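Note that chain A is present in both complexes that follow, paired respectively with chain B and with chain C.
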Partner chain A sequence: MQIDFKHRLSAHCESGVSSNLLFHYGVDISEAMAFGIGAGLFFGYLPFIRINQLPLTTFRCEVGGILKGLTRKLGVKMHFEKFRNPQKAMAALDRSLESGTPVGCRTGAYWLPYFPSAYRFHFNMHNLVVYGKEGDDYLISDPVFPETQRCSQEDLVKSRFAQGALAPKGTMYYLTHVPKDIDLREPIYKGIQTVCRRMLKIPGPIIGVRGIRFLAGQVEKWPRKLGKRKASLYLGQLVRMQEELGTGGAGFRFMYAAFLQEAAGILNQNRLLDLSAKMTQAGDLWRSFAVIGARTCKDRATESDSSGAMADILRDCARKESEIYQELLAVVKMRRHGQ
Partner chain B sequence: MDNKEKLKRILIETLNLDGVTPEQIKNDDPLFGDKFGLDSIDAVEIVFQVEQHFGVKIRDMKEGRPALQSINTLTAFIEARR
Partner chain C sequence: MKISEVPQERGIMPQDLHEVCYAVDEGGNYVLVPSAGWDPKNVANHQAWEIIQAQVADVLGDIYAGRLSPLAFHMAVNQMNIPLLSKYVRMNRWRVKRHLKPDVFKRLKSDRLKQYAEVFGITVEQLLKVPPDLTHGVKEIFNPCR
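Moving on to the complex of A and B:
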């Protein structure tokens, strides 16, 4: 059985799955728009959460948050379910497929056999859509791959029930109601407002632009505090979180810039075009940081590629992003006052 | 020197591929994996070098992953974008 599901390649799994699921029901929004309305952009340095025994740095909101934020703002209803029992989880998946419903699943990417070995590591937050089953194989629309994929039942079970941090626990979801006419304007403003508030106003030192500054201080200290080898591992993890995992590049900053550019057209707000350009500049700064980070952890650093240089770049990122979010909030505020 | 040759020399130099000569990198060799010992962290440097030397940006892995398969795919990407 195979559902007629349009597979579209995307930069990031959750926003790609969100965009593709909505497209299936006739709502054609880009991945960047799904990410922006879903308020996906974020920063958090969370040393108490360990991925592969290394501290977690996140450039996006919580797992599932993009899809939830997006569907809520658009008035789309979604069924979301977790499981303890793999048999029940697979039976529920089969039932949905039989009823003609494409199903989003959260998985551990390491167990998906079609992932090339160079890109395979334990990452339990990978989203994909299952759109059919042929014999023992499930048909997969994995948005970070150009073509659709197949996955055996055994591998899909392993992947849906991968162990470790942020285990997916068989999570699956599907859309149950999609309104006929969707006006994107208000959801765009709300999405922007959510991101700005999170980045500027969440108390504490490890979240938002304050978190970026905090990370700058940590990066500067790591070689002294942890030693060269461990500092390299920490940096490597940070670079992977920023440039891989389908972040759209530069920890989602490029994707958010694309969203702002698109939003400028929909809202007829030229100011958003300038802010999109500034967000791209912030992304370029993040990427410069990643280049030095990659060189350092691969033992290729030059004299100028120091931890101090990396910390300075991060402080620049924080300053630039702080300006952007304040200006974005002003755009939202103007809208509230009808200007 | 054509773009493939140039790219091979840049990769050898910037990724410290000690003992590897341009002749040893076949145009369709996978860039990542066992042969050259490169992994996804090295992709960050390659993306940076492509921008520096060819003025071509690879924004994300959506476009980067197909481009970064081999010298052939990367050169094709660069030439299509220039």
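Moving on to the complex of A and C:
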């Protein structure tokens, strides 16, 4: 049994799944647009959450947040379910597939057999779409792989019930109602507003633009505080979080720039084009940070690659992004006043 | 990032795969461009694997010295610690911890061993065995980046 589902390769799993699921129901929405309306862009440096004993830095909002924000803003209804019992979870998946509904699942990447071994870490926030079943194999549209994949029942159960931090607990979701005509304009404004507020206005030092500045200070301190070896591990982890499979480059900054560009066309707002270009520059800065970071990790740092230089790049990123969000908020506000 | 700047530095990504990046073309428009990998990413990933490999080597040393049971090796290779493994096998932490002692592990009944083997996706015979020596380095024993 197989549903006619169009598999489209994307840079990031959750926004890719969102865009592919909507496309199945006739809403042609790009990955970047899904990411932007779902308000996926974020920054948080969370040293008290440890992954492999190293602090967590996140460049996106919480898991599931993009999908929830997107469906809510577009008026799309989604059924979302968690399970305790693996048999029940698989039976529910089978029932949905029988009725011709493609199903999104949250899974642990470690247990997916088609993942290359070098990418198999315990990472429990991977989203994919199941679109059919043949014998004991499930047919899977995993948005970060160029081709569709297969996964045995046994492996999919393990993956849906992966344990550890943010365990997926068999989470699955499918769309139940998609409105006929969707006007993207208001959702775009709302999505932008959400991102700007999060990046500028959440109190405390570790979130948003202030979080980037805080991280800059930490990066500067790491070599003295932790010693060379540990500082290099912290940096390596940071580079992975920023660039690893799924961000589309520069911790989602390029994807967001692509969204702003597309939004400029839909809203007829040329200012957004300039801001998109500015966001690209911010992304390029993040990339240059990763280059120096990796050189330091490999112990090939040149004279000018000090932790101070890296911190300065991060401060540049913060300054640039802060300007962008402020201008974006102004664009949103102007619209509210009916201009 | 311009299209020409999209890195094609294949490291840990297998030959038949690629990922996509967002990049701008000459007209300044964003397009999706395939990428085979990027050196800074490869460095960071290799570093992450080296930490795990170092753990595996440590554990093997302890197993050869009779301080740990083979279970510790499979736990390390699967990037697990006691809390995570205990969740997968649905046992108490202290119990899993006890099974890491060679003497206790030797006396385990076959259904207990099967429970562990199933989680790791191996047979019971494989569970009882560890690589015989470390003379060729841990990378010969465990290297997912190959």
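The rule is short, and it goes like this: the second predicted complex is superposed on the first by the 338 of 339 C-alpha atoms of A that agree within 3 Å, B and C clash if a C-alpha of one lies under 4 Å from a C-alpha of the other, contacts with A are read in each partner's own complex, and residues count from 1 in each chain.
Operating definition for what follows: a residue touches a chain if its C-beta (ideal position, glycine included) is under 8 Å from a C-beta of that chain, and two chains touch if they have at least 3 such contacts.
Because the structure is predicted, anything quoted here is derived from the model rather than measured.
Chemist: Which of the two partners, first being chain B and second being chain C, lies in contact with A:A277: first, second, both, or neither?
Modeler: A:A277 sits against chain C, while chain B stays out of touch.
Chemist: Between chain B and chain C, which one contacts more residues of chain A in the superposed model?
Modeler: C
Chemist: Please work out whether A:R95 is in contact with chain B alone, chain C alone, both, or neither, and reply first, second, both or neither.
Modeler: neither
Chemist: Contact-wise, after the overlay, does A:V239 reach chain B, chain C, both or neither (first, second, both, neither)?
Modeler: Once the two structures are laid over each other on A, A:V239 reaches both partners.
Chemist: Of the two partner chains, chain B (first) and chain C (second), which one does A:Q163 touch, if any: first, second, both, or neither?
Modeler: So A:Q163 only meets chain C here.
Chemist: Would you check which partner chain A:K221 touches, where first means chain B only, second means chain C only, and both and neither mean what they say?
Modeler: neither
Chemist: Would you tell me the residues on chain A in contact with chain B in one complex that are also in contact with chain C in the other?
Modeler: Comparing the two interfaces on chain A, one with chain B and one with chain C, the shared residues are 9-11, 116-119, 144, 146, 236, 239-240, 243-244, 248-249, 254-255, 287, 290-291, 293-295, 297-298.
Chemist: Which residues of chain B touch chain A in their complex?
Modeler: Against chain A, chain B makes touches at 14-16, 32-33, 38-45, 47-48, 58-62, 65-66.
Chemist: Enumerate the contact residues on chain A facing chain B in the complex.
Modeler: It comes out as residues 9-11, 116-119, 144, 146, 236, 239-240, 243-244, 246-249, 254-255, 287, 290-291, 293-295, 297-300.
Chemist: If we count contacts the way the header does, which residues on chain C are in touch with chain A in the complex?
Modeler: Of all residues in chain C, those touching chain A are 1, 12-14, 17-24, 28-30, 32, 38-41, 43-45, 47-49, 51, 79-80, 84, 87-88, 144-146.
Chemist: Report the residues of chain A in contact with chain C in the complex, numbered from low to high.
Modeler: 9-11, 32, 52, 110, 116-122, 144-146, 163-164, 232-233, 236-237, 239-240, 243-245, 248-250, 254-255, 257-258, 261-262, 276-277, 280, 283-284, 287, 290-291, 293-295, 297-298
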